[in-house]
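Input: structures, listed below.
Look for chain A in each of the two complexes below; its partner is chain B in the first and chain C in the second.
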Partner chain A sequence: MKVLMPSIDYMAIMPQTLLGVAGLVILLLGLFVPRRRQDLLAVLSIIFLNISVLFLFTGKGLLGSVTLNQMVTWDGFSILFTLLFVVSSAFTVALSIPFVNRENVHPGEYYSLLIFATLGMVLMATTTDLLILFLGLELMSIALYILASITRNNDKAAEAGMKYLIMGAFSSAFLLYGIAFMYGATGSTNLVEIASYMNISPMGAYEWMLPAGLGLVLIGFGFKVGLVPFHMWIPDVYEGAPTVVTTFMSIGPKAAGFAALARFLLLGPFIPNHEVGNIPWPILLAGLAGLTMTIGNLIAIAQTNIKRMLAYSSIAHAGYVMVGLVTASPKSVSAIYFYMVAYFLMNMGAFAIVYALQGENGRGLALKRFMGLAYKKPGLALVFSVFLLSLTGFPLTAGFMGKFNLFREAVDAGLIGLVIVAVLNSVVSAYYYLRVVVFMYMHDPDESVTVPEIPSMVGFVVALCLVGVLYFGILPGGILKVINLLMGN
Partner chain B sequence: MEKFVWLIPAFPLIGVLINLFFGRWTGKKAHWIACLAVLGSFIVSLMVFSRVMQGETLNYDYFNWIWVGSFHANAGVLIDPLSALMLIVVTGVSFLIHVYSIGYMHDDPGYPRFFLYLNLFVFSMVSLVLANNFLLLYVFWEAVGLCSYLLIGFWFQKKSASDAGKKAFIVNRIGDFGFGLGIMMIFVVFGSIQFTEVFGMASGASVACLTAITLLLLLGAMGKSAQIPLYVWLPDAMEGPTPVSALIHAATMVTAGVYMIARCHVLFNLAPLTQNVIIWMGMLTAFFAATIALVQKDIKRVLAYSTISQLGYMFVGVGLGAYTAGIFHLATHAFFKALLFLGAGSVMHAMANETDMWKMGGLSKIMKYTSWTFLIACLAIAGIPPFAGFFSKEEILGAAWSAHRYEIYALGILTALMTAFYMFRVYFLTFKGTPRYNVHSHHAHESPWVMTFPLMVLAVFSVIAGWVGIGTHGGSWIHQFLNPVFTLPGSEHMAEAGHSGSEQLLLMGIAIAAALAGIGLAWQIYLKDIKQSDRMAAQFSGLHKVLTNKYYVDEFYDAVFVTPIKNISIALWRGFDAVVIDGTVNGIGWFVSIIGQLLRYFQSGYVRTYTTMFVIGVIAVLGFYLTR
Partner chain C sequence: MPNSLGNFPILSVLTFLPALGALAFLAVPRNRESFFRQGAFAVSLLNFLISLLLLKGFIPSSAEMQFVEWRQWIPGLGASYHLGLDGITLFLVLLTTLISMIAILSSFSAINKKVKEYYISLLFLETGMIGVFLSLDMLLFYFFWEAMLIPMYFLIGIWGHERRIYAAVKFILYTMAGSAFMLVGILVMYFYHYHLTGAFSFDLLSWNTMELPFKLQFWLFLAFFVAFAIKVPLFPFHTWLPDAHVEAPTAGSVILAGVLLKMGTYGLLRFCIPLFPVATLQLLPYVCTLALIGIIYGGLVAMVQPDMKKLVAYSSVAHLGYVVLGLFVLNPQGMVGGLLQMVNHGLSTGALFLMVGMLYERRHTRLIEDFGGIAKVMPAYFAFFLIVTLSSIGLPMLNGFVGEFNIILGAFSYSVLYGVIANFGIIIAAVYMLWMFQRVMFGEVTREENKILKDLNLREYLVLIPLVILMFWIGIYPKPFISRMEPSINKIISRCQAGTTVDCQIPSGISMELNK
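After this line comes the complex of A and B, so read on.
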């Protein structure tokens, strides 16, 4: 019997392949590299991540190639999101070095899990096939379940991992069920094919099946990005997981969820006819967006633990991003991407500082430990303030430009009401972000609190984030042009 | 040219950054960085200038700054004869004043801060001149305003200085409010904020529209260039250190309004109403400021009103469409007015910061360099040939004449007479006659060379800068140079030029006669018999009082605007803000935090609660459409 190998453009799956190989290599090397040389693995991880980025730009370029039976698609969207995932993972690896050393985490396992999670995210963003998307999502999620409880002797971390696993498995079932419905209605799992099928027969095979499938997939993604009411896991997991893992989770995986959601809404059955099954999808999406940001912000106000506050803040930010998805268009996806970049920089910066200051057993996470920080570490307090202002959406920061772009697209799409809600929410968020600034600058320092030294690697990452936040806030023209170019508007 | 133009703003910006972050170490050596930075800008400006002389121009976008929807703003530069000339004047005068400040400020505790602000100002000013779109122009327009505020209030420990800074800032807000609206309107009407694009489309817009736009832009110019009715901040701005008065409040920043109108001449040419407003505003400002200058005792205040008056002349020029004349006067004025201020500063330096001219006198014997250079500047501003002011003022008055605006011409000549009078009043009172200060307690001395050297350089330019305007019928060098900017394709003739040779000679004669009359009068009153001035003051006591009190304009503004607004604000604060707004805000805050606390209860920590919520969500989402 002759086996026919499908024709595969190996260059086009090089970034994914390389990430997979990298994960395995790091895992194996972890067995042989002695403890005192474990930083080597971090350096190696960063090198691998960087090489996989290089492959995005090599040769004739990946742009436009579709391979592996249409399971991998390289368009501007894929390239931009892959870049974001890989860069944010590299930042996380750099941040992790002091954590791995201090907590005595097995470096081979830890770094390889980070890389596998990254591979999962890249798969999610570079495919139009729902099954590959699911595969990537699970690869990412399983890696994250373990990462959340990587310090397994810590009760909170173990609890976080367990909760995340149960809830994640629960939600995956909905997602998979939704994909099955969509397959049943249209006979395909590929979004491009589903879309073309629906152009011929808008309702699919059974009238109720397609809307039900759409709804369930939406719920599945809604869980991953933390939309209310599927957000309940976020505060517990974010608070319980080691801070550096929380940093990672709040950026890459969230962006991956939005990438998948955007791809789904852009390519799939929603566009161009938003009224699948006579259902006003935008209203549902707008409702979820409004609810998410409002609940996230309101509960954030009541928090006294800074890590938990940032967890709720990340829920609120998911609500803002949803504003861009209500009427998904290539332009609004550009705005979403810019927002994710801005969010990556400011959230990474803020979390990195929290991570550096948390001290033993996370005692340093209480808000009142930040009292008078500006007198002890003026530079650090200033930088932290910049990140907080950016998260609030102050002009001259990336956070402002991100919100501005998102909301402007929404206004152009006629979503005035939702934008008003979003802006009011930004005002509410100013309360809890600026409260930290007030604590740092307007309270007398507590002399009994000693501020730990900032590890140089953390300082480096924070500096890069700061430059990014200010650069994209003051001079966003260049990157916006590149994004728009690659997104094809 | 784009390869090096960016260096012009970059040098002072680097100077700012160095003195900002390393001011602690640069300390008393801060001037090295600041002066070298500005010198670098000046040299690059000269290179640009020589390229422009060969007919090169440049409109180059370095990078996209803000691209959202149809709104595109780039960071770009526009180099043409107009901006090249401005760059030379700004960086050249700035450099000299930087050098002068080394001597003037050497004992000040805020030494590095002073040079930091000066560099920041130069950076903002050259960027303003270089901007190739309205948004960039606006940003740096505000930036120079900020520098002006910071420098007026440089000695912020003094209440009068910090008040003056606030006054300048607030009065400018009124103008800039209009300016901002004008730019928004430009974007709405033309869909662009690029100079070249807007000016290219200008003729397509309606006259009403253009009139509205230009009037709004003019409001900005009124504030920045201290014209009626927004001039009140400039005299108070003299609270700042004297080099600042020379640089910002005489030579450069205050001329930004004139520059802006010249830059937008395409728009202004199409709005005759606005042009008329500019002419009258400029002329009245020139006239009234000159009358106030007649009686002031404070040497810097006289110079401040003189600046307002001269700016009025420039506005008359650009209002008449004689843009070359306006810019020409701007350039010559920058030299001789900077010289006057620096001379005054040199005197103050010698007299332990005394500014009352009645406590000076006879200083020419002690301060040779200062007094000679000051005399040259006085001759220049009075309009005596061959000094610079004569040519540029003559251009403006000639333009008024040939536009058949004889009323403007007459007022202009009258103002010129007053100008000559009050300037020589200053000169005679300060440098001539017998000392009226205590010669034994004051150790008046000539200033060090770092201060006199800039005076001498400026004096040279106060003489020769006007010579570029020699020639008839717009045949002079300055016309040849600037005409490509101001001549619209298709309309070759301009308002200026056009009177015959004999007519021109007659006009010159009148102007010179007026200037000489003013000088003679000053000599009669303040040098020959100084008691006469008291007698005159007594004779016209009513008028004298009005003029000394500056027509009570400050009091009028206080009574009509400031006090009522303050009272209303206080009422709003006590009645509305404290009760209604604060009550609502606190109420909402309380309400929101209660909700936050309540919602927290759902976050029980139990996975069963979470899954229940999840399922409720699923039912809600699916129910949302399954029931439709």
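After this line comes the complex of A and C, so read on.
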């Protein structure tokens, strides 16, 4: 008897394979590497992550290869997002070194979980199959549940991990149920096939199944990326988790969620070209976008803890990205990606500074502790201000170019009302971002607060983010060209 | 592109020289305070001298952009680095370099804390302001327009008085809210341009050749107008101004009144009127009404202020009302008067804030009732204050008269009613300024502390003399100024007249029909 093997393009799954191997190797090595040498594991993780990036570029013909029964698809979209995930993870690993040393976290577990989460994100972005998408999402999420509560003796972190687990499991159930409905309606879990089914045969007897599935999947993703009204877990989890983990969670997984959502909405072209089940999806999505940014920004104003404030701000930013999804044009996908890059740089920078300043207590920071920081650490305060201005969306920063690109596409699609809501939201957000600047520059220093030394690794990451924020803010021409080229615009 | 100064990129130099100075300052240790004072003054003086070269190279009879610099910036978006100068911006740029220099000179003794940050902010502010006036690319303009807010925000918030943080936040939120609408307007224009011509472009000169359907013009006019009206500030958007002025340090007030407010009126003149001529004609009565309300209201409120700085702040609301009125009557006298009055207001109100600041430095109060009989104690101060007050009121032979006279002439030829109301404003201005002058300067010296006040020192003379010379110059012989402004103004007027005859049909295939 002859066993039939599916033909597999092994080169096309190299980046994923490498990440999986790297996670296992780090986990095993963690058992043998002595504690005083634990930085070695971080270095090794960064090397592994970098190699997998190299595969993106050297793997001949990676662009355009589809393998494993269409479960892995390398288009420009996959490559760009994989790059973002891997680089942001490498930055996180670099940031984590002081944390791992200080909190006495088991380094093998910690770094391998980071890598497995990265693998999950890569799987999410490189597939057009809903099952693989779900697999990647779970891999990422489970790693994140553990990471959130990795300092298990800390009450708040344990609470955060538990909350995250329960909410995450709940949303996964929605997602899976939705996928099941869609399979029931179309007979496939592959988005390409679902889309072509939509094009050829109008829905028959199971007419209600597709919109029901679509709605459930949307709710599931809504939880994952934190859209209002599915955002409740974000502030608690972001505040309770160790700051470096929060940094990680607020960037890669969020981008992965949006990558998957973009793939889901735009590839399986339900929206806005199809009126699935007579439900006005574009209006629904626009409502979600407007609600998300407004609620996120308004509640952020009331926060006195900077970590919690940044948590609400991340909800608001999810709302801006949603504008790109409502626009749903090929160019808006480029704009979403550019925004995620900008968000990665500015949020990583801002969180890294919060992380460095919080020192020993590990419980986030009251805004008051930033009083007069500009006169104790002028350079740091200046850089932090740049990140905050970028998050606000001031010109000369990547944050502005990101918003500008998103809104540009939205205006072209005629979504002027939504864009007006979004720009007014930027003004609202200026209030709370600039309040930190007020504390740093316009109050006299509080002498009782000691400012810890900034670890060199954190300084390095912050410097890279700063360069990125300013470069993409002033001269975004180059990267826009690359993105548009790879996205096929 | 070669100009009369050879290939020297004078506009880029003017724009970025202060910022380069500020960047160099970042590397200097903060305890070298006198270095920052003198260094900042040197940079601004150099920039002022370079800006004088503009006068030499400027072709007075031309209405076109001069000293033009063009370079690709973000090719994918169609944004370019495009600078240019015409008769409208020539004197505004000169005013900016002059006022910046004077503001720096005036802060030598007033600012003693966080000196490094202070001068860095002032220099960045100068870059932002000049950039706003010179940009001919809308994205570049927006960059400068927003970026300029940050240093001003710091100036008010760090070196201001008791309620400085409130004033700083109010200032920035008001202005940002306005520019948010403008950004949407810019994007709509951008796509309209694309649908009309097939090319993405933020270039103002090519936007100026577009003819837009009326409905679109109407909404776009409003989007741009809100941004500029807040900046001017036009009644009823003026409430941020008294707070910002009262709380800002002297140099901040001087720059705010001298240059920043002009950006609003400049924006109206450069963008609102020529880009949306039909909407301008339709909305003109409403804008003029707001301007007239501002004139009367600002004057009446100024009259009852116990605080000199607040009085001058409200007088600004009234003065800027004149400027807007002049610009929107859309005839040559009115518009030239409005443009000239922008410069005049910068000189006279800037000088008023400086002089109030000088008193404040000596007495740490700005309340009118704390003074009296200052004329006897400070004779030189008295003389300067007299000239500046009269210039602000608009006495013949001084600059204010030329501007206001032209504006009122223009208003009369548009509508007698407007002219009459505007004339009332002048009377009110005379009342509040002279009343304040009388209470501060004349009478007995009622307070012991006031008897020992020192008269002006050399630095203060240096600050005031250039402003006073210009006041007399414009007042006695305004022709060199007006003749350079006229061609550009006439070009805008002819654009408006041509705009009215255009057939206002929405072209087919446009995807962004406004869903109002």
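As a convention for this text, the second predicted complex is superposed on the first by the 476 of 489 C-alpha atoms of A that agree within 3 Å, B and C clash if a C-alpha of one lies under 4 Å from a C-alpha of the other, contacts with A are read in each partner's own complex, and residues count from 1 in each chain.
We take it that a contact is a pair of C-beta atoms (placed from the backbone, for glycine too) under 8 Å apart; a residue touches a chain by one contact, two chains touch by 3 or more.
Not measured: the values here are computed from a predicted model.
Placing chain B and chain C on a common chain A by superposition gives a clash between them.
In the superposed model, A:Leu218 makes contact with chain B only, not with chain C. In the superposition on chain A, A:Leu284 contacts chain B only, with no contact to chain C.
Legend: residue contacts after superposition of the two complexes on their common chain; A:Trp233 is shown touching chain B, with no touch to chain C. Contacts of A:Met11 after superposition on the shared chain: neither chain B nor chain C is touched. Shared-chain residue A:Ile142: touches no atom of chain B or chain C.
In the superposition on chain A, A:Val438 contacts chain C only, with no contact to chain B. Shared-chain residue A:Gly414: touches chain C; no touch with chain B.
For chain A, the partner with contacts to more residues, out of chain B and chain C, is B. By the touch criterion defined above, A:Ile51 reaches neither chain B nor chain C. Using the contact criterion defined above for the overlaid structures, shared-chain residue A:Ile295 touches chain B, although it does not reach chain C. Comparing the listed stretches 565-573, 583-591, 601-609 or 619-627 of chain B against chain C after superposition, the clashing one is 565-573. Residues 404, 408, 412, 431, 475-477, 480-481, 484 of chain A touch chain B in one complex and chain C in the other. By the touch rule above, chain C contacts chain A in their complex via residues 30, 72-77, 114, 117, 142-143, 146-147, 150, 153-154, 157-158, 164-165, 168-169, 172-173, 176-177, 180-181, 183-184, 187-188, 190-191, 511-515. Per the touch definition, chain A reaches chain B in the complex via residues 163, 166-167, 170-171, 174, 208, 211-212, 215-216, 218-219, 222-223, 228-230, 232-233, 235-236, 277-279, 284, 295, 298-302, 404-405, 408, 412, 428, 431, 475-478, 480-481, 484. Of all residues in chain B, those touching chain A in their complex are 63-69, 73-75, 589, 592-593, 595-597, 599-600, 602-603, 605, 607, 609-611, 613-614, 616-618, 620-622, 624-626, 628. Chain A makes touch with chain C in their complex at residues 374-375, 378, 389, 394-396, 400, 404, 407-408, 411-414, 416-417, 419-420, 423-424, 426-427, 430-431, 434-435, 438, 441-442, 475-477, 480-481, 484.
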